[in-house]
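This is the structure I want to talk about, given as structure tokens.
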Amino acid sequence: MTGSGPVAGATAEVVEVTGTGPIGPYTLLRVAAGGIEPGIPGQFFMLHPPGHVLPRPMSLCRVDGGELCFLIDAIGPGTRTLCALKAGERLHVLGPLGNGFDLDVPHPLIVGGGIGIAPFPYVAQVLGGGPAILGFRSAHHAEAAALLPGAEVALDPVLVTSLLPAEPMDVLACGPEPMLEAVRARAPQAQLAWEAPMACGYGACYGCVVEVDGRLQRLCVAGPVLRAA
Amino acid sequence: MSVSLLNGSGCLDALTAPGVAAQLDAFVTKTITPEPREGNPPVRIVETEAGMLNSIGLQGPGIDAFLTETLPRLAAQHLRVWVSVGGFSSSDYAGICERLEERDDVDVVELNLSCPNVDEAPESAAEIVAACRERTKARLYAKLSPANSDIAESARAVVAAGADGLTLVNTLRGMALDPATLKPRLARAFGGYSGPALKPVALACVLACARAVDVPIVGLGGVQSGQDALELIAAGASVVSLGTILFTDPAAPGRIRDELKCEATARGYGDPLEVRGVANG
Amino acid sequence: MSVSLLNGSGCLDALTAPGVAAQLDAFVTKTITPEPREGNPPVRIVETEAGMLNSIGLQGPGIDAFLTETLPRLAAQHLRVWVSVGGFSSSDYAGICERLEERDDVDVVELNLSCPNVDEAPESAAEIVAACRERTKARLYAKLSPANSDIAESARAVVAAGADGLTLVNTLRGMALDPATLKPRLARAFGGYSGPALKPVALACVLACARAVDVPIVGLGGVQSGQDALELIAAGASVVSLGTILFTDPAAPGRIRDELKCEATARGYGDPLEVRGVANG
Amino acid sequence: MTGSGPVAGATAEVVEVTGTGPIGPYTLLRVAAGGIEPGIPGQFFMLHPPGHVLPRPMSLCRVDGGELCFLIDAIGPGTRTLCALKAGERLHVLGPLGNGFDLDVPHPLIVGGGIGIAPFPYVAQVLGGGPAILGFRSAHHAEAAALLPGAEVALDPVLVTSLLPAEPMDVLACGPEPMLEAVRARAPQAQLAWEAPMACGYGACYGCVVEVDGRLQRLCVAGPVLRAA
């Protein structure tokens, strides 16, 4: 769970923006990496939707020969602008930021819910595979599981936590807050990737605070990956 | 001496982003209060059409921890430090000024007389400045709110009370609703409105105050480019601060310093500072 | 009875655009002053990033010609008329109120207590309202400026002085410079800032005042769509006014009335008015 | 010089935006007329550059089978946005507005300076030709004279007024203020098309005032075409 370094920004060119075909309602935004380091899985980047005042935090989803790929759920104005980018357009990218997953663990188990799948293709790239459990709201959403071949998939109302194995594993989890809370209750050693609205992503604004150890701390500096207990 | 570039108070933490602070001519701290403060509950930030709202609520360590922990670490980074001071009564402000008086590593004390996210001190801005003036020989800048029916009059009052300079402007009070639920997006409903939407308001305040008083003015509000910075200088500022732009572009200080120089040169000025006051008259 | 849509004072001339006025539930006149006024010299308008500045300066015929020429022509158009009243002292305001008192073709008298383009009356908003209240039994709405450090307090004061309703908000003071010359683009340098950039400020003012007083509120500031109108209602307005949007889209009243209905229905409300105050609490 | 009517707006589709080829530095924006009336030559339309707060006044330049054409000089943010529109994009068009030229005159003579040529191709369409004098800053700008075949062209430092014939003509003029003032001095019966920054174009804002007969009047209502004396 390390990774903090100097705050590095770059303007990157969009290589391709895929439609909703094989990955459910999500969009894969692929940008030319240029000199941008991919960082540690679980770290994030601030992507600036052109015309917006603030950038948006996004996990790095996958690294493909010179490209950084982001999996985006278009839920509001900023993500809609990002998903509407066209090949050849440019956007400002800041990162990698924050603290990623500690992958130096004996029995890694990926647990993702919905768009929480985003950081795991890159995790799997670095780990060279490994078991994964993914939960989705619908079969349409579950198409995104194609990004993580071999993953076990739970569809609502089945919860991912009901698929957690009995033996203790080193859970790496990302997903909606109720899922992370449920995982935390089951696996106190889990590493959980949280979300919070962020303005800067590098500790400047104090906008992204969450309660950690009884104090309001900046998630972008203390996280986004935190130990469950 | 050319135009100095600072950060707006609360828009940069030099300890987590030293490389950003190093681009600045001086670093302005987040507003320091007498006691430690947790700040407001999240959600604390939201974007609007041409700006953003924040309701941080002066989260900070309080003056004791600031003096023992934060300030020495800032000094170790060789930063010129402006300390932003806040409180809930003039004696809060004056008390902090007195504590800072002992320190030679503080360049300027900026009195935040205008935070829209906490209850205001019941005294007027001028009363607070006067109380601080009694307790410190430090350079005192008064940071004023644009939510003022006659900011030139406030400027005259704080200068008469002993302010050495003005910082213009702080945020306006704003609100945004969730489009679906129609409930406020910020936990505290109201937040400080900053960013490009504030620029015309900041320009008007700087010009109005530059006409009213003869002290240095730090201009801020919606600066995104060298052109924006130059306009604040033309309106009367001699120092420019960067706030919201730092969130999208942490390289903004270097970029804007370069752009400022180019914009001034393109208009036949040897130095951006020569532009000061051009809009007036 | 559903939400009424009006125009912001100074944003429509019913005599030159009767078809636009006919879409409204009531027409608000440009602010009327005791004497005829030429207004400010041009340039009077300029666009900014998310808004515009105007420095019209209350050009108008004065109360005499308004009563003899304008009002009869408005009446002939079968419009419900709100008369916006301005002046430079409380007796200016009260004098016009007295003149209007004779007329039964005036629905509401809106006191413009906050024009950023003329020198203000030296009295407080509440003093002006009180002076008018003595001279008229008409419904009196107080139009307040958002450039106010505590608008809820002002709202309490004007209601205590006899205002029957509030109009929130007028423009903020702003300035824009010519990018090449760095001189003000408006002949008078300062102008009133309106349009989308004002929306978060208007929302905050409406909610703050709706919490403070129990009178009808006309919400305006940056409304461009039914969604924007619905948000002002959620914040506490029961009437919505359209200003700057009328300049790009004279069909806005009809369009926004339709959108408002759709947006309310989509959220399960039978009528947009049921949304009133939803943001509060 | 008539034309006021109800304020009519419509959303129109861009057919084509020509480059700077044969018309100097100007751009010809062609939009599908749909139900929009072309109005009287010298009347204007408010074109709303997408993303801007205010529309921009533009003279109708030419009517080509179902298309309204506007000749635009990109001098600032609004005109730049209009010139950057692409075929198929849509913009809001309001008009025709204001009072155009009275073409029912015995000896019409077109006098245009720079972008002031804009209303005259449509004037010539309605008149079926007629003499024209155009002044331009440079040979490059003068390429726009191609829009008015047969026109006599003056290049700086030659002034259009120096080419005015000795015999009295019914001058119809549009161009920069100094040119209009010079024409006014020479031809008191001239009809002059003035400019002023406008917010609404239909009398709502009082932003466009100019001094007419010693009083500040709204150019969009009283003009833009005014008698010289």
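Order of writing sets the labels: A, B, C and D. Residues in every chain begin at 1.
The definition used in the following text is that a contact is a pair of C-beta atoms (placed from the backbone, for glycine too) under 8 Å apart; a residue touches a chain by one contact, two chains touch by 3 or more.
As the structure is a computational prediction, the values presented were derived from the model and not from experiment.
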{"item": "Separation of chain D from chain B in steps, with touching chains one step apart", "value": "2"}
{"item": "Whole-Å gap between the CA centroids of chain B and chain C", "value": "32"}
{"item": "For chain A paired with chain C, centre-to-centre distance based on mean C-alpha positions, whole Å", "value": "47"}
{"item": "Gap in Å, rounded to a whole number, between the CA centres of chain D and chain A", "value": "55"}
{"item": "Cα-centroid distance, chain C relative to chain D, in whole angstrom", "value": "34"}
{"item": "For chain A, residues that touch 2 or more chains besides their own", "value": "none"}
{"item": "Chain B: positions in contact with at least two other chains", "value": "48, 50-51, 196"}
{"item": "Topology of the chain contact graph, where touching chains are joined (line, ring, star, complete, other)", "value": "line"}
{"item": "Pairwise chain contacts under the document criterion", "value": "A-B, B-C, C-D"}
{"item": "In the complex with chain B, residue positions of chain A that touch it", "value": "4, 6-7, 9, 46, 48, 52-55, 77-78, 92, 94, 196-210, 215-216, 218, 221"}
{"item": "In the complex, chain C residues that touch chain B", "value": "48-51, 53, 114, 120, 145-150, 172-177, 179-180, 182-184, 189-190, 193, 196-197, 199-201, 203-204, 207-208, 227, 230-231, 234-235, 267, 275, 278-279"}
{"item": "In the complex with chain A, residue positions of chain B that touch it", "value": "10-13, 15-17, 19-20, 30, 38-39, 42-48, 50-52, 54, 56, 59, 195-196, 244, 246-251"}
